[in-house]
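In the two assemblies presented below, chain A is common to both, partnered first by chain B and then by chain C.
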Partner chain A sequence: MTSSNLYHNSKAQWAVYAVFFIIVLAVPAVIDDSYTLNLLATFGVFAMLALSVSLVWGAGGVLTLGQGVPFGLAAYCMAMTMQMQAQTPDSPMPPFMANNSLTQLPLMWEPFKSTTTGLLIALFFPTVLWTLFGGLMFAARVHGGFVAVMTLAMLSAIGLLVLDIQPYTDGANGITPPNALLIAGHSIDPYSPTAYIIVAVALVVLAALSKALLAGKFGLVTHAIRTDSERTRFLGYNVFLYQTLLFGIAGFIASIAGCLFVMLEQYVSPAQLDVSFSVGMVIWTGVGGRASLLWAMLGALLINAGQTVVGDTLLNTWLLFLGIFFILVVRFLPKGLAGVAEWLVGFFLRRRGPAQHQAVAPAHEGG
Partner chain B sequence: MEHMIFSAGFADALLLGLSVASTWLIAALGLTIVYGTIGVINMAHGEFIMLGAYATYVLESKLHVPFLLCLPLSFLIVAVIGLLIERLLIRYLYDRPLDTLLATWGVSIVLIQAVRLIFGSDPLYLSVPNALNQNWQLGFFSISVFRVFILAVTLAVSAAVWLFMQRTRFGMQIRAVTQNRAMAASFGINQKRVYAGAFALGSGLAGLAGCMFGVLNIVLPNMGSGYVVQAFLVVVSGGGSLVGSVISGGAVGELQSIFSYFADDTLALCIIFTLIVIFLRFRPQGLIAPSASRR
Partner chain C sequence: MGLLKITGLSKKYGAVTVLDGFNLDVTECTLRCLLGPNGAGKTTAMDMITGRQRADTGSILFDGHEIRGLREDKIARRGIGRKFQIPSVIRDLTVQENLFLAAADEVNPLRNMFRFGIGRARGRIDYVAELVGLKTRLAAAAGFLSHGETQWLEIGIVLMQDPKLLLMDEPAAGMTEHEAEKTVEIFNMLKKTHTLLVVEHDMAFVRGVADAVTVMHLGSVLAEGTMAEIEKNDEVRHVYLGTGDVADAA
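And then the complex of A and B:
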């Protein structure tokens, strides 16, 4: 299958990704306002979430409404790690615990005394949990709207649980570690260029790896599963394995995003496990373009930037228009803004004559 | 003695469970029609419930309509709104079920924000006749009359919906279209009309539920968001049929009440959600699926 649209040329795609990566990494050279830098880094975390949703939904064809589970759990683990960094032998327990009449540090907090262990738990516990959950679903060949509903139920259950065990999580207040993250003796100021660069590098590496993954055999099989899972199964591919792997990878990316979010915000609350936040990720991805990793990330950046520009006073009107806009996108532009870009590129940069040197149209029609 | 108090408390929990079950069921009834029969994943269902509550508020406090009359009126108002949304948006998406989920989520955001801009974010309260505002004392048990009222309305409405689906011409057309679209069309059933009617009916039932939930809780623009997950779990675990929803709604309500008796409300809900996920893992088609070749 060849296409005369430059949009589907894999070299051109990589070139566009490279430009995006360079812009992302070059931001601290242009902007030195620490508040803006922190804000942009947070957007980078949201872009990471959109990337993970785009992997599962756009590439895998499985709509997840529970991406907040790995994100929120990782964020909580990270906040616990950072909170324990502030504890000394004199005050071995975070202050809120005493208010909830605990007399000693609960067992579930013990591993977070060590920063290394805490970070490992934050990265891998949510990933493993999410992979197992995905595995259970895909083993039962649950698909379509059912996955959406089950991930939603899982998210609600975990959100409620975190809210409920107030002595251990401080319930609705959330955890607010007093100090910035300390790694190997270095304190990472959330408002510093260092923090931004950490997020930017993570985003670039994860996006490049995801793109490469989808450009290869894995991406082709995933595409096949998305189009017709039954047929792919008959061709001898282990559909369950591919689906679970993709789901797990997306969970891992969301876990990284959760850790970085707390590094930047020094704050986590059940709002990160709220249904509306997880659906928000789906909206960013859908508006940008679910089938394109890059456009999904751009969708997250654009919507969050818009929300910040509009500000809190007009937030309700903004959300009203965002809702209307989203409805219009679903109704008329199922491919999101990426579809517009695809059409524009095809219209203006049409290749003359029969296409030569065309790469096979990539499984993942990113732009 | 202690044992007696325990069992009395437990019996109380079982009785309360009936009431909890009726709220789960009435919340899910409209969705049973919309999702169970026409396959639209309507994430705005909770907002239709919210609209029912606000419709009741306007009727009661601005137009001084008595509460009992608000029940059918809120049904009608929300049914009309649902019909509008179906005509303007949903009908284009019947072949893209996952997209109905997304589009209706957009609808829910728009409805919440529109209501917030019109009525503000402050909680509103609905009033009910004094007769419904009391508590009944039956030996050990004490239960609010309004909860019994909800139970009665839920049973009556469920029976009415069942009769409607089984005994009326339109109900039969809905079932026919659900079972086999092409066959139904070849027998001259206007499928567009059936879908629009079913969607309006489901929306109206949500409005009716909202009229009662507005009394049970306070009326807020985002009050619906909690109900949509609950309603979906009832419908999906029930299998999409009316009988399935009644059974799963009943079971879930009783279980929640029993778990609440041993733990607290939040934890009970958490356990219920987890159990439903496990249940769906082993029986993805739910309890009682409509005997049909689903699209």
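And then the complex of A and C:
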């Protein structure tokens, strides 16, 4: 969009991102309370999820209600890997399996004996599955609300499946690996600054790459597909490939988030595959501003911080407030908090200097 | 030599026949106009050439190759560009971004992830913007253009693709007389190097640009020839031009 609003200047946007990145990375220097650090790291994981939703929904224009699929599956794979790290030749089987009358380690658990294999599966199995699923949808030119319905159905199906195969997943109890993640002989204490830094670096790198992805020609084509996919086809672009790739990239980000979540929580359960959790990601993104990667992440941080501060006092009433808040945002701030920021920047910085239009066309995506 | 050769193209929607054994042969470096009353099948024919709709039977040879049944983007890559009846530009992108988007020399999404900035498309964008008279409007959002400018931008978008064949669906619709005259100039220049197939209702415009005219009626060809010949054709006057009896036209 052409405007003299600094909000749309790509250099200014990168500067704001840089400030955000520095703050995210500098947190352990300021906060040494391990509980808070772990909590903030978890928020970082949620910000990663909002980032992935923002890519698919904000940039790609298709609403996904199933972002919990790659997240949850990766979380399960990670939990299985960490669980197997605690098993010894004397006790080759996680304890819950015996309670479910299994006598030997099931085949699907075998690959997780190796941490490397387990991590690779955790990162790539959900990504590949999600990309294939997206590919099937986009090849059939499913669009708009139908994508939301199909991703939601997929999420519910996988959530039910995980709950249903109790001997392999411990059903509703979920998997609770007894020890912290061991990597190359180092135990990564979830409450340590190391764990925080791992999450923070992952978030910063993924956010910067996502921003760069949208800043190039790929982003321009994605923008065109979102606005008018038919027109884009007649320009010679294979819309299906672009949509599937973007969907897959978002799936990969959600998979990384899933792995890091379990590293921090040492726990996974069907709650991570619950519909309300995936809808939650959409709310964070929508409140922050789906068209802006940064604001989507901030939305996740703000809402989760809010939930931590007042959620314990309000209990379920919090969800009611969150729902009302979301409705108000959708109705009055369709661009989310990002829209407010855009307006404020435009309002306060407009009159500085002559209203000179930039010679270079400004970035085509929002902040 | 015919760059585009359509034979026996037919399409039915249930009981309604929209195209009925339609034939067309467009010679290279000429501009052919497609005329006909509403519902004659002009836009449907364009939809089939560009792969937007599938024909039931018939053949569409482009540059000697069958393109019927190919996907839209593959047909576009072979060198067929299309301007739509309702100007379809990306309104919240700037003129420059619209043109850069249309510079689809590289369509591979993986390679396009690593392409930043306009780079080697710069020269072509300037050339096309100059040609369609939008050189001074490059930084404007496409949504702020006037109707005529929007039409030119879409013509520019099609030109950015540098297609062998340009399909133009009502390029002069809604233009002022002055704007239409300028479009006539652009088209007369284009047909020296490109082949054009144009659907247009503005007869002054057609007279100004057409090398040959095909008149469609009820999904097939009613008449073919130069504009002068067509205007003398009684059958055409009867179904379309309606210059004779007013009661007849009603």
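Methods note: the second predicted complex is superposed on the first by the 350 of 367 C-alpha atoms of A that agree within 3 Å, B and C clash if a C-alpha of one lies under 4 Å from a C-alpha of the other, contacts with A are read in each partner's own complex, and residues count from 1 in each chain.
Note that a contact is a pair of C-beta atoms (placed from the backbone, for glycine too) under 8 Å apart; a residue touches a chain by one contact, two chains touch by 3 or more.
Predicted, not measured: the structure shown is a model, and the values here were computed from it.
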Combined model on chain A where chain B meets chain C, clash or fit: fit
Partner chain in contact with A:Arg331 - chain B first, chain C second, else both or neither: first
Touched partner set for A:Arg231, first chain B, second chain C, both or neither: second
Angle at chain A between chain B and chain C, C-alpha centres, nearest 10 degrees: 80
Touched partner set for A:Met150, first chain B, second chain C, both or neither: first
Touched partner set for A:Tyr242, first chain B, second chain C, both or neither: second
First, second, both or neither for A:Met137, with chain B first and chain C second: first
First, second, both or neither for A:Leu163, with chain B first and chain C second: first
Contacts of A:Met80 with chain B and chain C, given as first, second, both or neither: neither
First, second, both or neither for A:His223, with chain B first and chain C second: second
Smallest separation of CA atoms, chain C relative to chain B, angstrom: 13
Chain A residues contacted in one complex by chain B, in the other by chain C: none
Chain B contact footprint on chain A (complex, rising order): 63, 136-137, 140-142, 144-146, 148-150, 152-154, 156-158, 160-161, 163-164, 275-276, 279, 282-283, 286, 316-317, 319-320, 322-324, 326-327, 330-331, 334
Sites on chain A touched by chain C in the complex: 1-2, 212-213, 215-218, 220-221, 223-224, 227-228, 230-239, 241-242, 245, 357-359, 361-362, 364
Residue numbers on chain B that touch chain A, as the complex places them: 41, 89, 92-93, 96-99, 101-103, 105-110, 112-114, 116-117, 225, 229, 232-233, 236, 264, 266-267, 269-270, 273-274, 276-277, 280-282, 284
Residues of chain C defined as touching chain A within the complex: 50, 52, 71-73, 76-77, 81-82, 84, 88-94, 96-97, 100-102, 104, 106-107, 109-110, 112-116, 138-141, 144, 157, 161
